[in-house]
Amino acid sequence: MTTRLIRNANLLGQDPQDVLIADGVVQQIGTGLTADGATELDATGLVLLPGLVDLHTHLREPGREDAETVHTGTRAAARGGYTAVHAMANTFPVADTAGVVEQVWRLGRASGYCDVQPVGAVTIGLEGKKLAELGAMHDSAAGVRVFSDDGKCVDDAVIMRRALEYVKAFDGVIAQHAQEPRLTEGAQMNEGTVSGELGLAGWPAVAEEAIIARDVLLAAHVGSRLHVCHVSTAGSVEIIRWAKAKGWDVTAEVTPHHLLLTDELVRSYDPVYKVNPPLRTEADVMALREALADGTIDAVATDHAPHPAEDKDCEWAVAAMGMVGLETALSVVQHTMVDTGLMDWAGVADRMSFRPARIGRLAGHGRPVSPGEPANLVLVDPAYRGTVIPESFATRSRNTPYRGLDLPGQVRATFLRGVPTVLDGEPVAPEAVAGAVA
Amino acid sequence: MKRHLVSAADLSHDDALLILDTAEEMAQVSARAVKKLPTLRGRTVVNLFFEDSTRTRTSFEVAEKRLSADVINFSAKGSSVSKGESLKDTALTLQAMGADAVVIRHGASGAPLRLAESDWLHGSVINAGDGTHEHPTQALLDAFTMRRHLAPGLGRDLSGRRVTIVGDILHSRVARSNVLLLATLGAQVTLVAPPTLVPIGVESWPCDVSYDLDSVLSKTDALMMLRVQRERMNAAFFPTEREYSRRYGLDSLRMGALPEHAIVMHPGPMVRGMEITAEVADSPRCTVVEQVANGVSVRMAVLYLLLGGATLADHPTRTNAEESTK
Amino acid sequence: MTAFHDEGAAPRAPHQVLDQSDIARVVTRIAHEIVERAKGAEDVVLLGIHTRGVHLARRLRARLADITGRDIPLGALDITMYRDDLRLKPARALEHTEIPPGGIDGRLVVLVDDVLFSGRTIRAALDALNDIGRPRAVQLAVLVDRGHRELPIRADYVGKNLPTSLREAVKVQLAEIDGGDAVLVGDRDYAARSSQALAAEEQSGDAEQPSAPHLPE
């Protein structure tokens, strides 16, 4: 395996250092390093971070390969600086058996761009009625630790309680998509001033907050680990802050789009802004940024949700919900958190790599950049300014809300266990990674 | 005026008055033996109805024909659209047919705006009711009817006139368009409904809200009753039909509490016995039939003002007014 | 009258061809002609064509009342929706069309306009009349006939024949809306010098223009 010497990289945004990689492992960190025969990479001006970890990715395979495949999705992930993603269970068939999660896991291994950690469904068919075989999914080759009915809420309090309890046996976590179903029947967008004017059925914040409140109490009661997916309201932040203050084992994630966009955008009725949970208000956005900065929210998760053009090129009510996000996540975080002074690059590493890996119990990811650790790394050019051009994306879908927007930062290179998956800002050829990563 | 009529908010005070004044001229034409003008000869107008609405479609169709436009009725219900053809494909088809204007009724809020802002077709888009969003020509015909009764005369607006709109505001596109247009025209609007049928965020609307119909009757110049669908009862918006009628329905007693000059309006179709008693519906103070006639005049005015001059379809290469000066 | 001038010569400022007393005299003469030719004007209905035709019709009516001692029915006609050049400009605001209570069926309708030019306005007016009723006959009275007809239309009563070139613009000003009475002739090019002048021309009775020099705007 090639020995690589990254020169003058600002490690977590600090002073320039050289980083020597060999055998998939960080060998040495220091200044003025030398290594015979090493491939050198000038990283002057670039920030070096641990490879990013996404807790919430929809790879769509199996079943909706017209929107995304594991191959295209992991290429997109690598291009966004990710070295591991959690593949959500709402595929066709649903990832509610050991067979399906193993299939997804194998597809990820074969792709080689990024590790794919399947998420298992909590209930059979995401129907919220009967627990899926959580233990079998954990015991499979995929080693599932995160379970979620994402897209649907586990709204039955008894089922939720049992799931929380059951996964304690193998240190699992339930990742809840918090959405009270009755309060959101037919809901189209955040309920508020804008929905009232637009005549779109409202999606009240309380529908999210009521479930989170119930779940943190349940988790506390049974002494389990709860993870809250894509927190979108200021009220949810308050509840999570309260639960954490109580010392309960609750973690939470926020999406990049909820850190930047508001429901004002829905005035265009352009379904590219249709997403679940919906875009909220400016006050919510500010509360989410603050919560991410102070650690109340643990992680940024993309909720990358690719859809084919025809599912968005239509009237709002019938359009699919979701946005692609893998390739813009880091830029949006830099724009909303770093460039605003709310967080430094060490904070980015913590919220986008260390903590998500810990929540998912992923060994080998989210590790400090230090000798002996796996060389899962990303080099970012924070000075870059560019316009988002969806046509240049590696993901199969184009449903980004950022088209034409100027965003900072660019991933220049990504390394998965020492193997470059992205160089000069573009994914390497598939042959270069397939089977190359140990 | 803008090129499309999607929302009542698209209309400035001057635009709204221009439409109302033009509609008065159109009303004259409708009173003649020969109820036809050659104005839109050679223009093609498509009535694209994704929802059944015989009354609105017929009103537009009469208006279009009185202006000599070629009319195509494209009923999307029961056509290829219900078999999954998208709004986009339908629009592309209409563009290929050379539609100068598309009058669209759609169950999804925002569908007309999607059409207007897309490059799927180049003609003007006229919103004939979209979901629970807006129905601007209904608001125009309501304002036209109010002006005739409460502030007659060309060039006049509705300054100081008090309009009360009662019923299912939450699901009403008529209410939304009326609030916007009436505010533009200077009227004071009060919405009356049970709190369950008032939208969240209504504080930001240019109107007042009351839960008590009886308290506003004496301060009302025009009382507009909205249809309340019985199905709403099942979604727990109110306990029973009887209770709704008792608290928010209009009967003779309540009508008697209105000032002498006040009119009673209804966009139709009425649910007699629910929001309005038969006695009130048939009383001379009720303008329902007049509203229908005024609908044709107002729609003629809108069609004329959008299509009666040069349009983008005539000079597709023209991008702005600058170029037109030479 | 030197209607023509060398190509490339500097455009000339408008000059007055009729003043207030000329216009008053002309209106009186036309009133007499109407009485004479219409046998006392018993069944005459005056219909002024917006905008200045309406004011001229009102003046004619006053003269006819002086002469005959009777009130002649007076109406106003907006021919916008019958124009053949609607697509050349954005939609225009309509003026109020008012048909006198007795209607026009079986009457002698005298259309009144300020300037007769291509004849297209009168063609539109005749079409409008056709939809309004069935007059016994239709006649046309104009303050100025400047020639350059594009349709087989002529006036029955002409205040002044004014030979002009197509490069010229004729402006009729009436006290009711323009602050004073006058008929002016000037170069179209001169008028085009300022957008204000263009707007003024549009406001004046010269809005009817031959179609030939028109480019899509």
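Order of writing sets the chain letters: A, B and C. Residues in each chain are counted from 1.
Here, a contact is a pair of C-beta atoms (placed from the backbone, for glycine too) under 8 Å apart; a residue touches a chain by one contact, two chains touch by 3 or more.
This is a predicted model, so every value here is computed, not measured.
Enquirer: Counting C-beta pairs in contact, which chain pair ranks first?
Expert: Contact tally peaks for the chain pair A-B.
Enquirer: What is the identifier of the chain with the smallest separation between its Cα mean and the overall Cα mean?
Expert: Central chain is B.
Enquirer: Of all chains present, which has the mean Cα position farthest from that of chain B?
Expert: A
Enquirer: Can you compute the centre-to-centre distance for chain A and chain C, using the mean CA position of each chain? Integer Å is fine.
Expert: 75
Enquirer: Between chain A and chain B, what is the separation of their C-alpha centroids in Å?
Expert: Chain centroid spacing, chain A to chain B, equals 45 Å.
Enquirer: Would you kindly tell me how far, in whole Å, the mean C-alpha position of chain C lies from that of chain B?
Expert: So the centre of chain B lies 39 Å away from the centre of chain C.
Enquirer: For chain B, which residues count as touching chain A in their complex?
Expert: Interface residues on the chain B side: 86-88, 106-111, 113-114, 117, 130-134, 173, 176, 199-205.
Enquirer: Which residues of chain C touch chain B in their complex?
Expert: Touch list, chain C to chain B: 78, 81-82, 86-94, 96-97, 127, 130-133, 195, 216-217.
Enquirer: Could you pull out which chain B residues touch chain C in their complex?
Expert: The contact residues of chain B facing chain C are 1, 18, 21-22, 24-25, 28, 32-34, 36-39, 67, 154, 304-311, 314-315, 324-325.
Enquirer: Could you please specify the touching residues of chain A with respect to chain B in the complex?
Expert: Chain A residues touching chain B: 188, 191-202, 204, 268-270, 310, 313-318.
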